[in-house]
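Pasting in a structure now, in structure tokens, and then I'll have a few things to ask.
Chain naming follows the written order as A, B, C and D, and within any one chain the residues start at number 1.
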Amino acid sequence: MDGDQVPGHIKSVKRIGISSKWDDNAIELAGEIYRYLCNKGIDVVLEDDIATRIGEKGIRIRRMNVDILICVGGDGTLLRALQKTSSLPEPPAVLGINIGTLGFLTDVPMDRATEVVGGLLKEYEVFERERLSLSIDGYGLPPATNEVVLVTAQPAKMLRYVVYVDGQEMEHLRADGLVIATPTGSTAYSMSAGGPIVDPRVLSMLVVPLAPFKLSARPWVVPMNSKVEVELSVEKEALVVVDGQYTRTLKKGEILSVTRHDKPARFVKVGEVSFYEKVRKELS
Amino acid sequence: MDGDQVPGHIKSVKRIGISSKWDDNAIELAGEIYRYLCNKGIDVVLEDDIATRIGEKGIRIRRMNVDILICVGGDGTLLRALQKTSSLPEPPAVLGINIGTLGFLTDVPMDRATEVVGGLLKEYEVFERERLSLSIDGYGLPPATNEVVLVTAQPAKMLRYVVYVDGQEMEHLRADGLVIATPTGSTAYSMSAGGPIVDPRVLSMLVVPLAPFKLSARPWVVPMNSKVEVELSVEKEALVVVDGQYTRTLKKGEILSVTRHDKPARFVKVGEVSFYEKVRKELS
Amino acid sequence: MDGDQVPGHIKSVKRIGISSKWDDNAIELAGEIYRYLCNKGIDVVLEDDIATRIGEKGIRIRRMNVDILICVGGDGTLLRALQKTSSLPEPPAVLGINIGTLGFLTDVPMDRATEVVGGLLKEYEVFERERLSLSIDGYGLPPATNEVVLVTAQPAKMLRYVVYVDGQEMEHLRADGLVIATPTGSTAYSMSAGGPIVDPRVLSMLVVPLAPFKLSARPWVVPMNSKVEVELSVEKEALVVVDGQYTRTLKKGEILSVTRHDKPARFVKVGEVSFYEKVRKELS
Amino acid sequence: MDGDQVPGHIKSVKRIGISSKWDDNAIELAGEIYRYLCNKGIDVVLEDDIATRIGEKGIRIRRMNVDILICVGGDGTLLRALQKTSSLPEPPAVLGINIGTLGFLTDVPMDRATEVVGGLLKEYEVFERERLSLSIDGYGLPPATNEVVLVTAQPAKMLRYVVYVDGQEMEHLRADGLVIATPTGSTAYSMSAGGPIVDPRVLSMLVVPLAPFKLSARPWVVPMNSKVEVELSVEKEALVVVDGQYTRTLKKGEILSVTRHDKPARFVKVGEVSFYEKVRKELS
């Protein structure tokens, strides 16, 4: 399983990075994986903060020029790593090790971590998922793997906004906010807001209002190649949150623009569980 | 229409108060109504802030010992007035004059304000609506006419909470928040969160999760005479917002308790539009 | 457990009836329970069809003048028994023995049948649930314990209908149909149609459209003491189905009238599982 | 407007067919359009039944070898014409004249019929919409422009079925039925069943359960190039209804198979109303 017997394929993994949630169990497991890979003779680097904690040297995620980036924690840890590596010329494929109970993106349970990581040293398969490219008045934000959310900066005070698709007005709403999600994100926040479950192969974005004050508001599915724009229509400040990891404010007059990102997120494939099986197991 | 011909009934309105939204149009209209009533010889008092603005003397809403309190603005103005008068021994009946486009509780449009107010001087009818009594660890909050909302204090970060009904666990959820509404509030925030429309005569509370991360979460309807309790199950701070007007924090370990309030909200009845007709007109 | 030790309480059960689904396993179990009760010296009667099948004498359910009516099968068996005994001067309390996988009303699993039945001979507790009284142009239908459903008689062809509450128009819809449910029925068909879960103590009816062709249609909750009337507004025939057991046609011009039934359904109480616990277990 | 000035473009319409709903107003209007086109010297043919009614000769829709097929009636008339012409080597582009109040596909109101038809004689633009190819155990059904619906043949009795996507089990449900829709159909029956609104440019199918007896059931969006299969899992008969126009039964053991149809539906473009504008106007 650990691939030692097939040295010809070991070349396919040249360098591995390790990132972790800021949590004792996660950091401990990250250290174990680090030592396991060192012992295997793999070129492995640790995220700087984690490295310091366990008495090693590390580098920042943004500089991790690796093939695979192992993320120990939950979906948030993985999404953060995808954001931080997105501007690298060749972003790594990520692998999530799940230390808790929930994880739609982090497939590998704690107790199978070294077994699974060992199995990748021989060869590994990568699958890709579309991301959203985001900007506010031309200023770029990190790409979204799951979703970008517009929410009121004052809890329990509604926003008013207009959504345009390819320049056409789609909807004018009073609502708590708005979720614009990828198919990958259809099983995350978008689902909570009432959106449909979308097969990741459908080239589309989901546009789902959060608690709209309008009986007839519905989730929308628009082409991934469309340009979706959102503008506030009242003098309130809103927050734009990307994958629950990055936050910026949006003011009236500014336009949040959402398009297809040119570099998909890359994931290390583990196991053969289909999308549909996963939804049934995790979300029912 | 203004009732002068039937002096015997004028006695039924002894004193009228006037409150207003902090908005130029609203304050101007409040002044007009004030002068109109003074000219009619009615004993009328203005809310202190508004009075100062228009060069009159006024008193605080909390001290308005009046029969009718006219609220110029929107639903928010009315809800605020209901909160502030709730601890008076005999809270006034409120009448909402709507200066904007939306108003489920504020029936009277600007241009009919003096006509309607004049019509009440002869006699007026009052209808009542159930309210919710709220407390956090025994500390009382103002009663809710529409709803109490629990929301995360950090936008786009989910809460975890448990809801109990009469001591029985009802639901354990990860969600953006929770709405507990009266039937009157079923056409307000609760509706945005996906709750049903409830005839005000049904003695019930609505318990509606906000963007729950669980496919099987549903709105609940529980008896108005039940005790609903909510407790956070993670170390995050939440906000408790009453009718969009009053906010307090809820910490882990504290319990938000919701029961039937002993004094219903009192509204001046204007016109004969049925609840069902209103829902069709305002919300479709 | 079988109560022999406390003869003073045996009097409380004078006579027991047994009904069953038309299914081999159910009939066999009905026979076992019958023999078990005969051996205990209980006065017990079998439903006529079942009796014939197992070589005994029986009587029709409509004539079962018993204290408890044991129904072996699923929720449908129980609902049918409640319908058929509804015109008796003193309808029995029903007890459902569940031979399959689902049963919100039939609490007792097959393998605990005689144990539970034995436990009742000493004493038993009854709880009541509100029912709906139904009529079409004055012609009475059996009362509904869960719901009455209006559906198109031609599959996939929409109906058009108007709903009135206490004479006020509530809604005019094009839809597949309409569910009018009790709180007890809120966990049955009404739930499938998108209705809220209603605590059985809330004196209310649910009015839930089936696949309405209108984005703004919503479930409604109306007072149990209201009169709900439904009328077709096109020349199509619809079916009126009571608890999935009784069907009649409704023509244009006829009015389906729904009010509170004067005799609640009576259930034998088994165990101490709360309503909320049951919903979480059965429906999530 | 009628294009006489630009004779070079008149050639683009060589032949026009006219179909109509079986309704007096529709047939009368069909006759008017027929005579209008005859007077213009256009080669025009009438549907046989309609022709007989107005004393002309006609041919069956299935044989209408025309460029444009004008359909007078509602969406149903148009959908029927699309079905009946689907096996022609070069199916016509359809144009819907709406004689009633609703019509998402039939854009042209009665009173603008000849004006619009006249405008097409010079030149006309066609847009295409994806359709679904349907078969039951290899036996082909007409293609679906809006949706195929699986419903119980016995009203108010639930079905049980399994849905597979590309051979993977997607969902196992008890429900009233299932809608499998195109994006075009997302504003029709699928919407009533709770599905999202899908931009017609998204290459996808919607899979939406009808009144599922499962709190966690959700609408799904799957790739248009996938194969969706549905199989009953109980011994009940179901009906398969294509665009509300064509019905067949489905028995246990048979498989309904849904794939992308190779020939899209072709519509004559009228006006410049965007999809989003139309949804806001027609469905709110």
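Odds and ends about this structure:
Definition applied: a residue touches a chain if its C-beta (ideal position, glycine included) is under 8 Å from a C-beta of that chain, and two chains touch if they have at least 3 such contacts.
What you are looking at is a predicted structure, and each value in this text was computed from that prediction instead of being measured.
A comparison of the B-D and A-D interfaces places the larger number of contacting C-beta pairs at A-D. Chain centre most remote from that of chain B: D (centre = mean of CA atoms). Distance from the chain B centre to the chain D centre is 48 Å, each centre being the mean of its Cα atoms.
Chain A and chain D have centres, each the mean of its CA atoms, that are 39 Å apart.
Counting partner chains per residue, chain D has residues 191, 214-216, 218, 283-284 touching two or more of them.
Chain contact summary for the complex, chain D toward chain C: residues 149, 151-153, 155-157, 175-176, 189, 191-194, 210-216, 239, 241, 244, 247, 283-284. Taken in their complex, chain A has these residues touching chain D: 165, 168-171, 183, 186, 191, 195-199, 201-204, 206, 216, 218-223, 226, 274-277, 280, 283-284. Taken in their complex, chain A has these residues touching chain C: 214-218, 284.
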